[in-house]
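Presented sequentially are two complexes of chain A, the first with chain B as partner and the second with chain C.
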Partner chain A sequence: MQRLAHIAGLVVTLWSAGLCAPVSYAGELFIVAHLPDREAMLDNSELLKILRGKQRNWPSGYGARVALPSRDSEIYDQVSQVLFQSSGSVMQRNWFKLVFAGRANAPVYLDNDADMLQFVTSQPGTVGMVISPSSIEQSDQIVIVKAVE
Partner chain B sequence: MSFAQSTFNANFFTHFEATDDQLASTDDVSWGESALFISGNVSPKLSYLAEASYLAPAYRDKAFKLERIQLRYEINREHAFSLGKIHTPVNDWNDSFHHGRIFFPTINRPLAFKRFIPVHEIGARLSGQNILGGEFGYDIVVGSGQSAGDEAFLNGIKSQTYTLRWHPLDSANLLFSYYRDELTAGDAAERSGIMNTSGRGDSQTADGAVSKVEYELFSLSATRDVGNWSVRLELSKNRTENGQFNDASFLYTGYHFDDTHTLYGLYDEVNVKAKEAFFKSGIERRFGLGYRHYFSVNASVKIEARRHVIRTPGAGTFEDNELQMQLAFGF
Partner chain C sequence: MKSSLLAKLAIPMLAASVVVSLLILVVVPDRQEQALERSRQAELESLAAAFGVAAQTAFAYEDLNALERMNTLIREDARELFVALTLDNPEGTTLMAEFPENANVMTRLRESPEDFVSANAVFDIDGLLGKVVVAQDRLGLAAETGALTLPLYVVFFIILGLQVVIALILWFQVVKPITVAAKLAPQLAATHEAARLPKLRRSDEIGALQNALRNLRAKLLQQHRENQRLFGSLEGLVDERTADLQRALQAKDAFTASMSHELRTPLHSMTASLDLLAQNPDLGRKNNRYLSIARQSAKNLLLLINDLLDFQRWASEDVSLYQSPTPLVDMIQENIDIASILFEESSIDFETDINIDNAALVMIDRQRFSQVVLNLTSNARKFTSEGQVTLKIRTQAEDDHSIALEVMVIDTGIGISEVDLDRLGQPFFQIGGGLNRKYSGTGLGINIVKRILEQMKSELSIQSKIGEGSQFGFRLLLNTPKKSNDSPNEDSATSLVEPHETNLKTPRLLYVEDSETNQLVMQAMLEHFGLQATIASSAQEGFELLTRQQFDILLADIQMPVFSGLDLMRWINESSQLRGHLRCFACTANADEGASTEFIDAGFDGVLTKPISLSAIESFIQQEL
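Moving on to the complex of A and B:
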């Protein structure tokens, strides 16, 4: 009985800590970045900082632009799970707050991978996330990495 | 390589409130402050931000107010320089929330904002983030001072703000700040509302003879998210003319049932000591429970049931049970 109580306590603790929250990924996510200059090479965690609004510039000070999936995108909630461990609406609210605090530039919201890739490749300094980056190739300026911690 | 294109972003915020209390200054139903927010980039390193608010003339002398207008230049990845009318980074609340209410964790700002907090400052700001191992940040602001109102550097540099931030975890932030200003009693102070953005402040001079008052404010902010819980603590101590310290404390604890439903408790108190010469002496306290629901990314409702106590020396004690509801929108 005491053991059962311990297990129940552990489950409640884990649940309240959000560790038991259901997480489902349809597939792997990739970060796509358009480097603005030669100084700009960053690792995965640094790119995630930009996507989370924790870092607003590239190493040279060049302003980073963030492109996120819109509510109509099929990876809206999936991207938010990776970035904020929460739903898409929480991701949007977090970004709203950052922009209005003056801590970040407003992100651009795009409906699908094709729009995301087109936008990132045409805008130096932009970082976005897609589920299928196969239609573009890496280059000196375009970097594609898996979105993992 | 040139910046592909400049950016422009505009948003509008407003809210409506219904209040059941005994305060004569509160309407049963009111249309609250509305704000137009504009931001964007003009080059890869230069950005702008502007915010104007409107409040019906019944509630404020100036219906339209320019709340913020600033230019920011990114010196490098960690450091930036800003110029203009800014939100003074004296505490996390003032640095995090703009005039739209949709993101406020509670219906109202902490009580200290009505009295002690220099919400805006016209000046220059040097800021840093993600320094010293990525966990620290800072702000240094030199400003015109509260008594200059919207006249930039009317009397030269009168205020200074020094802020240190520490975020040991993504979900934990600490902020310490020191602010000093030379307040001026009389016309200039009335024009600026001294410490009150709404111009309804209760600041006073003891006998009308005070002309310049040295003001100091020490603040500590702490925010922490653990699982479904969020905690926000705002503490401050202030004094005028090196006198006795006045205190302000605000504690918010919220439990998030999910992404849209939150139950929270709040405790909010200011204590102005009897010997204080510039601000009205007394204690004001609010505490209670609240509930917040986001209908969507753009709309929220908050309901609070509170106990409100005001103790004023020589005027007795006012006690009330309040019920307030707020609908807030952002587009």
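Moving on to the complex of A and C:
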């Protein structure tokens, strides 16, 4: 009986995990960018360059700032997969190298989409990634682009 | 330059400064590099630690801002630092990141750690060991040291330049003026006019020194001129005094000559008269004794006068010798005759011990020889109260051309003490002298004897014993005359009379003499030998007589008023008619040999020196007539 109780608990746990995860992680990622003044819109690939730390500034020369999901974020590994085709720790190390080598400014790590959206909309020149950008509206400054690898 | 102030002060200072500076330049950079390395090491360790904290923060808290700031710090650092971050994985240590990128810091550190100054810090990242290495190339460190040392070099060269400037200032401001002054100082002492000191408008010590030298020069110049003026006046004074002295000497010579003449002239009259008187057989024993005393006194007086005049003359000149060929036996006999007079009417025996070559003819100053012998004999007589005086003479043939003549005067007198023997011969020294002196005389005799013998290349030997007597002696080496040129002179009183052969049987004599006394004496002496003489009282009268009458012999006094005997001789020489066969003889009281020579040179055939004794007249007559 006791063994049955354990098995039942394990089944419930595995079910819960299988039920919730596809919903949360199966969504598409969006790039949210707050364009600096008079900055022309960039396409997906150029925004990804900024997010990968390969481009430091906007074309106008305005310094670009990157906001990345922290380890506690739900899209931590998903973003890392898009940007570096690897796990989140790889993303962390890559950005560590970039900052260490001085090739990029230090990114900001945020825990969820709300913080991400709030941070991006409040900081011109910032580029971040979210999974659900529906809470904000696009404008001339705030641009939402679907992230394509 | 070696002994200049510059060499003594500035150059050593400069050298010392350079040495010290070089030492500083060598030591300080080395120490500085070491200090810099230690300092850098500490800095790098701090940086590594900071990097470690930043890295740990970045990993642990997802905050790369600290890492960014560190990167900015390193990038902006001028020291060109290298930074590497490694992680120890299970697979091994991997290089996680480095700055600058692709610098291969870890590889280079591993291969050549001595090329770097480095520090590291370890930290933990998710259970993995991370290590941050911060390094700096030593070349960069050396460059930094060089950059730090550069000011030192700059300071060194500034100090060196300052030293050179100081040396130059020292040279131009101190050494050069002093050198100029030092060079000019000897010139200043030697030629005051030539030394010129540069004018310096300086108020310091050098200026004061130069001014002092200029003042000194001015004073020296003034002193020099004053000295020259004084020297000029002194020269004038010396010339004046010299002229005075010469005049005094001339006056003294004139006085001596005059005194000689004045003393001899009356003495001549006395001796001649006494000689004439002695020829009278009717005087009687008592008168004869008085006459003998008078004659002896006259002889003594003559010797005394001769000694005084000789001593006075020889004070300023050497004894002159006038040698002539002389028969030795005649000369010695004459001396014996004269000496014998000294012992007349005396209780002392005068003995002679003569052993000579009777045929010897020698070259000798007969007058000086007699002076020596008579002085010694006279002294012996004076200091002998009883006993005898012996004149001992020997000759010895030396070779074909010379004869040694030894003369000794031996007495049995009072003798001479050793103390007196040492002083004997000093001018005016007399044995038993002093206020109560017992013996008469001038104390010049032995001195004169010594001087004459010295001139004859001989010396006086004296042996004496108190109370027993004395022995004076000398030895002369006499040359014999050459037969062709020298002929004997046999006359004693007329040693300078030249021999003359004449056939006159009654010679006509003219005697020119201003002194009536002398006229009478001469007439008397000539009459004694059966001769007559015409008398003239002056040179003019004599010359007139010569022009009017024929004479064979002229006897002329030299020192006469208005015109002298020399004037008369000159007139005669100027008249060829008068000179003819006339034989002329000077009669003078001037006993100077130089004077006799002067008379012969003037034209006289011979000289008769006053006082002229009867025996001298006899010899003259025998010689000339």
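A few points about this structure:
By definition in this document, the second predicted complex is superposed on the first by the 122 of 149 C-alpha atoms of A that agree within 3 Å, B and C clash if a C-alpha of one lies under 4 Å from a C-alpha of the other, contacts with A are read in each partner's own complex, and residues count from 1 in each chain.
We take it that a residue touches a chain if its C-beta (ideal position, glycine included) is under 8 Å from a C-beta of that chain, and two chains touch if they have at least 3 such contacts.
Computed from a prediction, not measured in an experiment: that's the story for all the values here.
After superposition on chain A, the partners chain B and chain C are seen to clash. In the superposition on chain A, A:124 makes contact with chain B only, not with chain C.
Of the two partner chains placed by superposition, chain B and chain C are both touched by A:100. Comparing chain B with chain C, more residues of chain A are touched by B. Applying the stated contact rule after C-alpha superposition, one finds that A:92 touches each of chain B and chain C.
Once the two complexes are laid over each other on the shared chain, residue contacts for A:70 go to chain C alone; chain B is not touched.
When both complexes are overlaid on chain A, the residue A:109 reaches chain C alone and has no touch with chain B.
In the superposition on chain A, A:36 makes contact with chain B only, not with chain C.
Shared-chain residue A:54: touches chain B; no touch with chain C. In the superposed three-chain arrangement, chain C is struck by just one stretch of chain B from 6-14, 168-176 or 204-212, namely 6-14. On chain A, the surface patch touched by chain B in one complex and by chain C in the other comprises residues 92-93, 96-97, 99-102, 105-106. Remark: chain A residues 70-71, 92-93, 95-97, 99-103, 105-107, 109 touch chain C in the complex. Residues 55, 58-59, 62-65, 67-68, 71-72, 74-75, 83, 85, 96-101 of chain C are the ones touching chain A in the complex.
Chain B makes touch with chain A in their complex at residues 1, 3-5, 7, 9, 11, 37, 39-41, 44-45, 47, 49, 68, 70, 72, 74-77, 86-87, 95-98, 100, 102-103, 129-130, 170, 226-229, 259-260, 294, 296-297, 330.
Residues 16-19, 36-37, 49, 52, 54-63, 65, 86-87, 89-90, 92-93, 96-97, 99-102, 105-106, 122-125 of chain A are the ones touching chain B in the complex.
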